[in-house]
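In the two assemblies presented below, chain A is common to both, partnered first by chain B and then by chain C.
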Partner chain A sequence: MKKRFVAAMLAGTMAFSMLAGCGTSGDTSSAGTSENSNSELVFVNYRDIRDLNPHLYAGEMYAQSMLYDTLVSITDDGYEGCLAESWEISEDGKIYTFKIREGVTFSDGEICDANAILANFNAIIANKERHTWLEMMNLLVGVSAPDDYTFVIELSEAYYPMLTELGCIRPFAMISPNCMIDGETKDGVNGYIGTGPYVLTDFVTDEYAVFERNENYWGELPAIEKITVKVIPDNQTRIMALESGEIDLIFGKNMLDADAISQYENSDKFTVALSDPTSTRHIVLNTTNDILSDVTIRQALQHATDRTAISEGIFYGLEQPADTLYSKTVPYCDIGLEPYEYDSDKASEMLEQAGWAMGKDGVRYKDGKKLELELLYNSDSVTEKTISEYLQSEYAKIGISIKIHGEEEQSYRDNMKAGNFDMVFNISWGMPYDPQSSLSGMTAPVYGDYAAQQGLEDKAEIDKAIAEVLTTTDETERQELYTFVLTRLHEDAVYIPLTYECNKALYTSDLEGVHFGTDQYDVPFADMYFE
Partner chain B sequence: MGKRFLQNKTAVITVLIVLLVALIGIFAPVIAPNDPYETNIINKFADYSLEYPLGTDQLGRCVLSRMIYGIRPTLGLAILTMLGTIGIGAILGIMAGYFRGIVEEVIMRVVDVMLSFPSQIMVFAVVALLGVSVQNVIIANIFIKWAWYARMIRTGVMQYRDRNFVQFSRCVGMPERFILFKHLLPSITSDLAVLASLDVGWAIINISTLSFLGLGVQAPTPEWGAMLNEAKEVLTSNPVQMIAPGIAIVALVCCFNLMGDALRDVLDPKEVKQ
Partner chain C sequence: MKRYVVRRLLLAIPLLLAISFVCFMFINLIPSNPAEVALRVQQMPVITQEAITEMEEMLGLNKPFIVRYFDWLIGCLQGDFGISYVNPTRTVAGEILRCLPATLQLAGASFVIVLVLSIPIGFLCAVYKDSVFDRVMRGIVFVSTAMPPYWVGLLLMWGIGVKLGWLPTNGSGTPQHLILPAFTVALSYISTYIRLIRNNMLENMKQDYVLYANVRGLPQKAILVKHILKNSMHTCIVAMGMSIPQLISGTIVVENVFSWPGLGTLCISSVFNRDYPVIQTYVLLIGVLFVVFNLLFDILQTVSDPRLRKEN
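Let's turn to the complex of A and B:
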């Protein structure tokens, strides 16, 4: 008997040591590389880079932004020339003439002139249906390259977010025409060759990707010569990898939870950085659902949500509670909407009035139907599950039964787009896409918004106003239309805003120059360097 | 046998522990200090205190209360799985061992097919096929594991089928059912008891594994494996969270395994002679 006990103890010890080994195993080759070289950065992401075709939406945006350039770039101070050195806009706002930068080549040696850019635009336009969220696609009359260094875009109407859309990471990024298949990119490309500061030199799906500096880059060369991106899906494993020196930088909105951040706040070895609020974390209610089609229920859910507790309890105040779909700092969105204050008594009362009476099992019923909803969350996100569980217990108190259901990112997105949800987590798109592009995205099946709003009586009216707002040139009229759309969406209570998300970074203190770009999906590697 | 049982300390202690755990689970509402579903998000990851003897989890729920309520799904589902596997395994095993011939051929070939797949992978496959729910996890576990028991029990039955008392019964024309249930089943009871207690240990680990991977018991139901999964999310910042459910699973599974061994010692007559 004694022997058996010893054996059991031994087995237990072995199991523990195996667990401890998990964090570092499988990566002996590159462990420590980050220490001995100061021009190599090891970055981490929760999933693979996937298809980096710049004209489609399947790839990781930070990688696309490293490989490709756009005509203009969006900075904090406005637009700056990128592949286009300068531009002119005709007085009626319909014709954009770009002067293309000379001497820029793709990393395969191909010259990036107006003809190459034209080829890119043609490839993008050939896949017009895929880009419905860009209103400019509907207004486009034609693109042309009158000479090698002039590029012209003609629109049917003036369109104020035009330069912003051209400056987004995708789809208006330029890939070498050699990579196109029959001049098109919609069915894939045969290489990821761009003009950007880095080139992709090696990758193994779901393991790592290696980016090396493009020595022929037209702009200022970044300090980091080589960036290795490892794929580590699990939050805790990432943190352990950072601790062990296997990786240098964790960066992103859903890559770090608040507990990890507060743990490193006073550390000398590692530095924590938080961006200003970038976008709004919210829950979309599907108005086509039998139960949620009633606006009273949706409003009751708003009143039952304690945003302050989520902000304080789950995020330790790192993310501020959100009152409206867009923060007041977003252009055109400071319109004085009255937030739904947290009041669970009021919520219960509203449910009571709507005919949902409390049943014996603590759940409300109406005509024998149970008040039960499913909440879909992205299991790759580090905090959505915790928020789901919290809301589940909060809503249970007023007799709403919530079934929570997590899916990995891609299938979560697919379900959202197809409208397969009662309630789903979502984020607004953030700068520079808010509010124009994300509102435009509501008028077509881009994310879950389109499907979720189908049950609204005034959906057609809202869509019409969104279409108008993008083409109007009059500032007052534009504000009025935005006010109309945002007020309607607020009163219809389709969105339960939770908190204003911010970008988070945790990195070894040797790394300098870490900051957050204007686009929340971009990782500004170009400004980083090692001490 | 009662005397031999009392003489075997391991048997007595492990049986007592298992009974105690089961009783705590049954009387959970009386024993638990707090409501296991009551969240208090401001008071999350609280230290050990009088109000929360094992602290609170990521939503501020009482860990001890969740552990106590967690006995119900953890142990209850494991016993259910055990009854299912042993039930099917015993019936088919006895039939194969007693009837031999074509019956045995068919049953044993099916068993061979089932055993040729690694059990964990098969469980995942079945759960993936049927969808994620507790019910399907039980079905998957029973479906995969019965074959193993059928084979063990068949071997046990074969030892007895040609004994004199069985042959006598057959001579005097007792119905097959009588022989199966009155002679063979009691003869292999000791084997069954050992298998059953080992199986519960296996089932606890398996159900907890599936819950840990998010395929078994779903939130907010407290289940030890699911609690371990939630603790894993804060492995670096609050490692203490893993201790309670982790130790509980290890201890209970050890208990069942030791109990299985000890019961065999108690029930095996040869052991005494030595």
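Let's turn to the complex of A and C:
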């Protein structure tokens, strides 16, 4: 009986797996290898494209950029017209009048005129609470479409980063009004139809997505006709897939590790590319802490931090050492601040001057109080842990005792927001949100910066300057205000800049035109072509 | 017999309730506000208080814990496991159903490989005990048990996928895609069963009924196959039955390495994205599978083994 039972089980499982095999075989052949055509690119991402509703935040941005357009584009040389051919800003900086490009249609044939754009804005405004992190949503008075090709936005006061915010793919990208549900998008959309250079033709969740060239695209048609995006969550597997020719391009900040980059640096088959800094990895010092409220201690910590060693030892040179909170390549930030040189003797001297004398246990004391600080890091991040351990040993040499403390991501963020830290790791918002949005974030309790800066005597002054910088219409004044804010923060030594993060790409060498856009999450597929 | 089955079925109910309560409680033990987690998961660049309040209402977090538990439990019984944080347009049940076939396919194929390889090898090892074959096999079993599946997976991918180019390195769709992950999952089970079958057979060989069969002059082949192997399969059936939910849950790492779009990949991505409703349902599902398979194979064993029936 048992033998029959085993045989029956065997036959059953075999039949089942054959059936299951039949059920799915063949239907994913569209996600095939990259070797079949010169006009087809196979890209890889670590997760699915998810919900590509451009008015919410849950989808992959590179995919949204392929499907949708915004009113203006942000380029290396400034703003360029996109769905808006041109625009005028009233003298007081409050009214923006856009001339909408004629002859643009969504890929479902719907005309993209001022009325379609108004419908999009109305859908975005209907979900305003979600978007108030963008200052322009708070300043918005109204939007209107006086005629088919004119679109007007009115603000309550001037706001200079307005065009940057409009140029970000989320939430101001335009979706076909036919995809909206009762004129709204906040509860989902029934299609991902835009005016962008590609259309989404097929996708299987967590497996692949296929984008094909939008033959009715209003701008210059991209050379690559078809882009297949495969989902491969594992770092090593992505490299193997590239090696075996199943994919052509790996692109992104966290898609490649340093080992992989150094392995392919001198390869003929594959090319490695690194972008300019996209964001800054730094440590925030809590100025309300008894010890850290003294600026001398904060400055001593700056001098005790060997950024070059971190860059070379931990990132193998992939992330360049950071001298200031924002890289010089960030707008308004090339203001000639003098970096804190690495000099541990100077740091010791400063601690000595501040009254912290070396104790017998190798740690400094002042009035019986031990020079001990806690460094909080995100335990999901291996690099932060490694940097913590390195700094712990480095700071110990000059008599500062560091207790390192890892928390899982959510709890780490909660602690940061609540100001429950002495020192904490953070990363700036990155392009194109630096410096305006990340500075603006310092004025409200959304991240750790607000809590950390509470001990600064000039906090009110800094916040006031940040508020002014966003509303001034005068370029010189704006630069002066930025210089003031950045200089103050630098001298107050609230932030220990560590390294500049950058975007990385590894791709087969016959792929040309790979470069990095102005938005760190954007992959400029439209400029790529095969040799 | 009927009483035994009914009793076991009734006992399973409080166990299932306890599992569901533990699953639900875990999510509520998180110190963070789930509404804030949901917003972060949806990549809200800055989480404002207005957005948190809106999300709390949407997720029903303003109700007391016990009310939420019963709401959730009743929902689960009706097949409604809530919505995914990552993609609010998708239901958790839909996500699980989407991924389940791929995992069953992988687990099924692995199970077949396990059966096809471990039974004959275990049998031969016992019959030719201490021969060269037995020793080599024992060595292989020893080594393969010690190798973690993700490492075996990467080695196979590198050797067979990249260097030889015989099979695709990742993905799904064709039977070729299935071979490497199924073999990787199967490997550690094959080793376990080879040992189990070999040892059971060796123990049975020492039994009196084998001696009696020899005395009766039955052919060796008949003794080995009809008597010893048959009797050795008792424990193996239960162990293999229990390994079905283990196979399903054990595919997690391998699925992720091979980008196999099953429950394991869903679970890992949910863990990384903190998609708590999905993790909660996955844990519940695996817990229920273990209870159900345990029950099923206990009953089956009682049905098939007269000795156990007498004890009851």
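In this text, the second predicted complex is superposed on the first by the 311 of 531 C-alpha atoms of A that agree within 3 Å, B and C clash if a C-alpha of one lies under 4 Å from a C-alpha of the other, contacts with A are read in each partner's own complex, and residues count from 1 in each chain.
Note that in this section a residue touches a chain if its C-beta (ideal position, glycine included) is under 8 Å from a C-beta of that chain, and two chains touch if they have at least 3 such contacts.
Predicted model, so just to flag it, every value in this text is computed and none were measured.
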Looking at chain A, does chain C or chain B touch more of its residues?
C
Kindly classify A:Glu243 by the partners it touches after superposition: chain B alone (first), chain C alone (second), both, or neither?
both
Counting only touches as set out at the top, which of chain B and chain C does A:Val152 meet: first, second, both, neither?
neither
Check whether A:Asp257 is in contact with chain B, with chain C, with both or with neither, and answer first, second, both or neither.
first
Have a look at where A:Gln410 lands relative to chain B and chain C in the superposition and call it first, second, both or neither.
second
Going by the contact rule set out at the top, does A:Glu312 touch chain B (first), chain C (second), both, or neither?
first
Just to be sure I read the superposition right, which of the two partners does A:Asp206 touch: chain B = first, chain C = second, or both, or neither?
second
Can A:Ala396 be said to touch chain B (first), chain C (second), both, or neither?
first
With both complexes overlaid on chain A, does A:Val231 touch chain B (first), chain C (second), both or neither?
second
Going through chain A, the residues touched by chain B and also by chain C turn out to be 1, 236, 240, 243
Contact set on chain A toward chain B in their complex:
1, 4, 8, 12, 235-236, 239-240, 243, 257, 259-260, 262-263, 309-310, 312-314, 379, 382, 385-386, 388-390, 392-394, 396, 403-404, 406
Chain A - residues contacting chain C, complex
1-3, 5-6, 9-10, 13-14, 16-17, 20-21, 23-29, 31, 47-48, 50-51, 56-58, 129-130, 132-133, 188, 204-208, 230-234, 236-237, 240-241, 243-244, 246, 409-411, 413-414, 429, 433, 437, 441, 446-447
Seen from chain C, its contact residues with chain A in the complex are 30-32, 36-37, 40-48, 50-51, 54, 86-89, 98-99, 101-102, 104-105, 108-109, 111-112, 115-116, 154, 157-158, 161-162, 165, 168-175, 178, 230, 233-234, 237, 256-259, 261, 265-266, 268-269, 273-274, 300, 304
Which residues of chain B touch chain A once you look at their complex with the stated criterion?
10, 37-39, 41-42, 44-45, 58-60, 214, 218-220, 232-238, 250, 254, 257-258, 261
